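Shared between the two complexes below is chain A, which has chain B as its partner in the first and chain C in the second.
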Partner chain A sequence: MKSIKEKVIESILFACALITVLTTLGIIWVLLSESYSFFSEVSLGEFLTDKEWTPLFSQKHFGIMPLVTGTLLTTFIAICVALPMGLTIAVYLNEYAPKGIRKTVKPILEILAAVPTVVYGFFALVVVTPFLQSIIPGLSGFNALSPGIVMGIMIIPFISSLSEDALAAVPKTLREASYGMGATKLQTSFKVLIPAASSGIIASVILALARAIGETMIVAIAAGQQPRLTFDPTVPVETITTYIVQVSMGDVPHGSLEYKTIFAAGITLFALTFLLNNISFWINKRYQQKYE
Partner chain B sequence: MSESQSESSFKIEAKNIDVFYGEKQVLKDVNMPIEGNTVTALIGPSGCGKSTFLRLFNRMNDYIDVFHKKGEILIDGKDIYRKKTNVEELRKSVGMVFQKPNPFPKSIYDNIAYGLRIQGINKKSLLDEIVEKSIRQAALWDEVKDNLKKSALALSGGQQQRLCIARTLAVEPSVILMDEPASALDPISTAKIEELIQELKEQYTILIVTHNMQQAGRISDKTGFFYMGDLVEFDETQQIFTNPKNERTENYISGRFG
Partner chain C sequence: MNNLQRNKIKDKAFKYFGVTCTFFGIFILGVFLFGIINDGVSRINWDFLTNLPSYRPKKAGILTAWTGTLWIFGLTAIFAIPLGIAAAIYLEEYGKKSWFANLLEINITNLAGVPSIIYGILGLEIFVRLMGLGGSLLAGSFTLSLLILPVIIVATREALKAVPLTTRTASYALGATKWQTIWNLVLPASLSSIITGVILALARAVGETAPLIVIGALAYVPFVAKTPLDEFTVMPIQIFNWISRPQHGFTINAAAAIIILLAFVFVMNGIAVYIRIKAKKKSH
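What follows is the complex of A and B.
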C-alpha cells in the first residue's frame, strides 16, 4: 500500500521538475525556430556587423550591435555603482557591524531587490534624471546614465548579500592569523578576506550582471527607445530588452520579418546571460575554496 | 590601581588575572611571572582555561563579545590592556602560532611578506632578505627555496606549520605564543617543530599550550598546570614532572585523569 503512495508522490514530484525543464526547452525551441526563419531572410553577418538597427523604418537595417552596446552600457554603469557599494557594504557588515546591525540591515537591503522595477524606472525618469541634468548640462531627458545608476542601486543587494556570505565563509583561522600579525580590520578585509572569498564575490557580480542585462522596465522607461551605436551615457539609447517590449506592444503584424526581429534580439540576450551563467559556474568550480 | 610602569625583571607578568565569559569565570586569580628567553609550557585538561590565558597576551580574546577580565598583563613592564595600547603594535611584538596551520591562500613568499607589507614595507630587496631569513630560521628553506611562488596550500601540514612560524618570525616579535602548534602534525614534523622551539628560545620568549606531557617535559623551562580555571602549580619543568607539590598535578601528569 505504502509503496503505491510513495510512487504516486514520487511521480508528482518528478512531474513538477519536468514542467520547469520542459518550459525552458520550450522557450529555447521558440527562440531558435523563430530566429531561424529570421536568419533565413537576414544574414548573420549583416546582423552582427551592420551599425544600424531600424527594422521598423522603411529603410530597414538589421544590425544588433546598437542594442548590444545599449545593453552593455547601462549594465556597465550599473555594475560601476553596485560593485564598490555592494562590496563596501559586505565588508562593513562582515567585519565592522555589530551582530544586531548585521541581522537587521541585511534583510532591509534585500528589500531593494524586491521593489517593483517599474517604480525604479519611474524614479530614474522623474527624480534621478532631473537631478543629474542639474549637474551635467546637456544630459538628455532619456539617457543611459540615469537608469544605469538606478539599476546599480537595485542590484546592490545581489552583491552585498552574496559577498557577505562569501566573506563570512572564510575560515576564522585565516582572520586570526591576520589579526595575529598586527593587521587592522581594514587590512584583514582587503588583503586576506576578499582574496580568499573571491570566487563567491565574482559569482555574486556575475549574477548581478545577468540581472542588469535582463532588466527591462527601468531602461524602457528612462533610457529611451533610440537604438544608437555609442558609449556616450548622456544620450538616449535602446537596450535589447526595451526593443522587445517596444515591438511586442506595438502593432507589428504577427509573423512578419519585423515581428521576428524580437526573437533574434531575444536569442542574443539569451546568449549573453547563458554565457555569464557558464562563466560563473566555471569560476565557482575552478576557484572553489581549496582550503578548509 | 597604579598606571603600571613597575620595575620588573620579568619579560611578562600576569597579575591577579580573572577572566569571565559572561557570567562564567574561566580563570581565577592567576599569577605568572615569566622570564625572557625561556619556554613556558601551559598544560591542563581541555577547558581548563590555558588557551584563554595564552590569548590574553596578544589580546585575541577581545573578539569574544562576552569576554572581560580583571587584573593586569604586563609585557616589558607595561600593562597591555591600558587604554592607550595600540593593539596592532602589540601584536607585532607578540606573535602567535595557531593549533592548525593557517597559511593564507597566497604564495609562500606572500605569506611571509604579509606582516611586513601591512606595515608598509614594500622594498623588494628588503622583503627578499627578510623572507629568506625567516624561512631559514623556521628550518624550511631547503624544502621551499625553489618554489617561493608556489601556493602555501600545496605544502604538507608540517611544512605549513613551519611556514606559519616563519611568517610570525618575519615581523620580529619578542614574544611568541603557540597554541598546541604540533597537535595536528605527524611525529617527524612534531620533532622538527620542537627542535625549532629550542633554537628560537635564544631570541624569543615563548609560551606554549600543549596537551602532550612529553613535549612539555622536553622543550620547556617552566611549566604551569591549569585546572578548572586555577593555576594549580607553576614551577621549573623538571620540578613539576619529577616532584610535583600538588596532588592534582601529579595525577594529571601521571595520566590518572585529563
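What follows is the complex of A and C.
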C-alpha cells in the first residue's frame, strides 16, 4: 500500500517536471508551424536579404534585416555601458572592497534588475532622452542611444554579479603567487584573475547580451517604431521585440500574412537568444570542470 | 618616479574608479526614484486609486489596473507555486541520474533564457486561440506561470540542495519512505529559502508587460474583472499606455502609477530579503 502511494506521488511530481518540456516543445511548435505558413508566402531569400520591413503598409516588404540591425544596435550600446561598468564593479567588489561593503552593495545592485522594464522605459523617454538632447543637438525624440544606455544600466548586475562569482572562484594560490611576486591588486586583477576567470566572465556577458536582445518595453517606449537599416544611434529604429508589440496592439486580423509576421520575427529572436544562451551554458560547463 | 610608485598610483586610481562605478548604478537608481516621486506623488489620491480609465488625464484612475494586477498575481501564484515546487522536487530528489533528468535540466536552463515576449506568443496560440480563453485573466496567468516556472524551479532546487544529507539518512534509518522524508523533513527545512525564491519570481510576474500585450490584454478596460474569464489590464500596461500619449497630464499619471507599482515590487523584494536574512540567522 505504501509503495503504491509513493509511486503515485512520484508520477505526479514527474508530470509537473514534464510541463517544462512541453513548454519548450510548445514554443518550438508554435513558432515553426506559423512561420512555415509565413514562408510559404514569402521566400526565405526575400526575408533575409530585402532591406525593408513594411508588412503593415500597402507596399509590402518582408526583409528582417532592419529589425535585426535595430536589435543589434540597441544591444551593442547596452553592452558598451554594462561591460566596463559591470566588470569594474566585479573587480572592485572582489579585490578592493571591504567585506561589509560587498555584502550590502551586491543586493542593492541587484535591485536594478528587479525594477519592471516598463519603468526603465519611462526613465529613458522622460529623463535620459531630453538630457541627451541637450548634449547632442540632432538627437531625435526616439532613438537607439537612450534606451541602449538605460538597458545597459539594467543589465549591469547580470555582469557584475556573475563575474564577481567567477573571480571569487579563482583558486587562492594563483592570487597569492601574484602578490608574492610584488604585484599590486590592479595587476593581480587584470593580469591573473580576469584571464583565469575569463570563461565565467564571457558566459556572464553572453547571458547579458541575450537578455538585452530579448528586452522589449524599454525599446518599445524609447527607440521608436520605424524599421530602418542603419547603425546611426540618433535616429528612430525598431527592434524585433518592438515589432511584435506593435502588431499585438493593432487590429491585424488573425491568420493574415501580417499576423504571421510576428511568428517569423519571433523565430528569429528565439534563434538568436537560444544560440547565445547555449554558448554561455557550454562555456560555463567547461569552466566548472576546470576548477572543481 | 619609479615603476613601483607608478603602479601604486595606478592601483589607487583604479580603486576610486571602482568606487565611482559601483555607486554610479546606485546613484542613478536614486536620481531616478527621486524624479518619479517628485513627478507623481502629488497625483496619488483616493480618486486616482478608485477611478476608471478616462481620456481626460485628471479624471483617469487605476482601479482596473491594480485590481487586474492583484488578480494576475493571485492566479499566477496558484498555478506556478505548486507546479514549480513539485517539478523541482522531482528533479532534485527523484530523477537525478537518468539521461532524461539531464535533458530536463538543460531544458530549464534554456527556458530561463527565453525572452518573455516569446512566452507571450506561446500563450497567444495555446491559451488564447487553441483553448479559446481569449484575452482573459486565465490566459494571462497561465502564460506568466510558464514564464516564472524556471525561476521557481531553480530557486527551489537550490533550497533543497542545502538540506544536509544527515537529515535524510536519519529519517530513512527510522524507516520513513522517500516521500515521508521529503514532506516531513526536507520541505520544512528548506521552506524559507523556497518562499524567498517564490516571492522574487512573483515580483517578476507582476512587473511583466510584453507577454500580456501579446496575448491581448487591453489598455482600456472600463470595468473591474469579476471572474478569471474576464478581460483585463494590469499596472504595467496602464503605465505603458499613458507613457505613449503625448499629453503631459498622462506622463504625470504614469509617474504616479509607477510609484504604486514600484512600492508593490519593492515591498515583495524586501519581504524576500527579510526572510532570507532571518533564516540565515536561525541556521547559525
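As a working rule, the second predicted complex is superposed on the first by the 282 of 292 C-alpha atoms of A that agree within 3 Å, B and C clash if a C-alpha of one lies under 4 Å from a C-alpha of the other, contacts with A are read in each partner's own complex, and residues count from 1 in each chain.
Heads up, the rule we're going with is that contacts are C-beta pairs under 8 Å (C-beta built on N, C-alpha and C of every residue); 3 or more make two chains touch, one makes a residue touch a chain.
Since this is a predicted model, take the numbers as computed values, not measurements.
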item	value
First, second, both or neither for A:174, with chain B first and chain C second	first
First (chain B), second (chain C), both or neither touched by A:184	both
Touching partner for A:262 - first (chain B), second (chain C), both, neither	second
First, second, both or neither for A:195, with chain B first and chain C second	first
Partner chain(s) touched by A:65 [first = chain B, second = chain C, both, neither]	neither
Residues of chain A that lie at the interface with chain B and also at the interface with chain C	184, 187
Touch list for chain A against partner chain C, complex	2, 5-6, 9-10, 12-14, 16-17, 19-21, 23-24, 26-27, 30-31, 34, 84-85, 88-89, 91-93, 96-97, 105, 107-109, 111-112, 114-119, 121-123, 125-127, 153, 156-157, 184-187, 207, 210-211, 213-217, 220-221, 241, 244-245, 248-249, 254, 262-263, 266, 269-270, 273-274, 276-278, 280-281
Chain A-touching residues of chain C, taken from the complex the two chains share	7-8, 10-11, 14-15, 17-19, 21-22, 24-26, 28-29, 32, 35-36, 39, 82-83, 86-87, 89-91, 94-95, 103-104, 106-111, 113-122, 124-126, 129, 146, 149-150, 153, 177-179, 200, 203-204, 206-210, 213-214, 216, 219, 236, 239-240, 243-244, 251, 254-255, 258, 261-262, 265-266, 269, 273
Of chain A, residues touching chain B in the complex	99, 171, 173-174, 176-184, 187, 191-192, 195-196, 289-292
Chain A-facing residues of chain B, complex	58, 60, 63, 65, 88-92, 95-96, 98, 100, 102-106, 114-115, 117-119, 153, 164, 167-168, 171
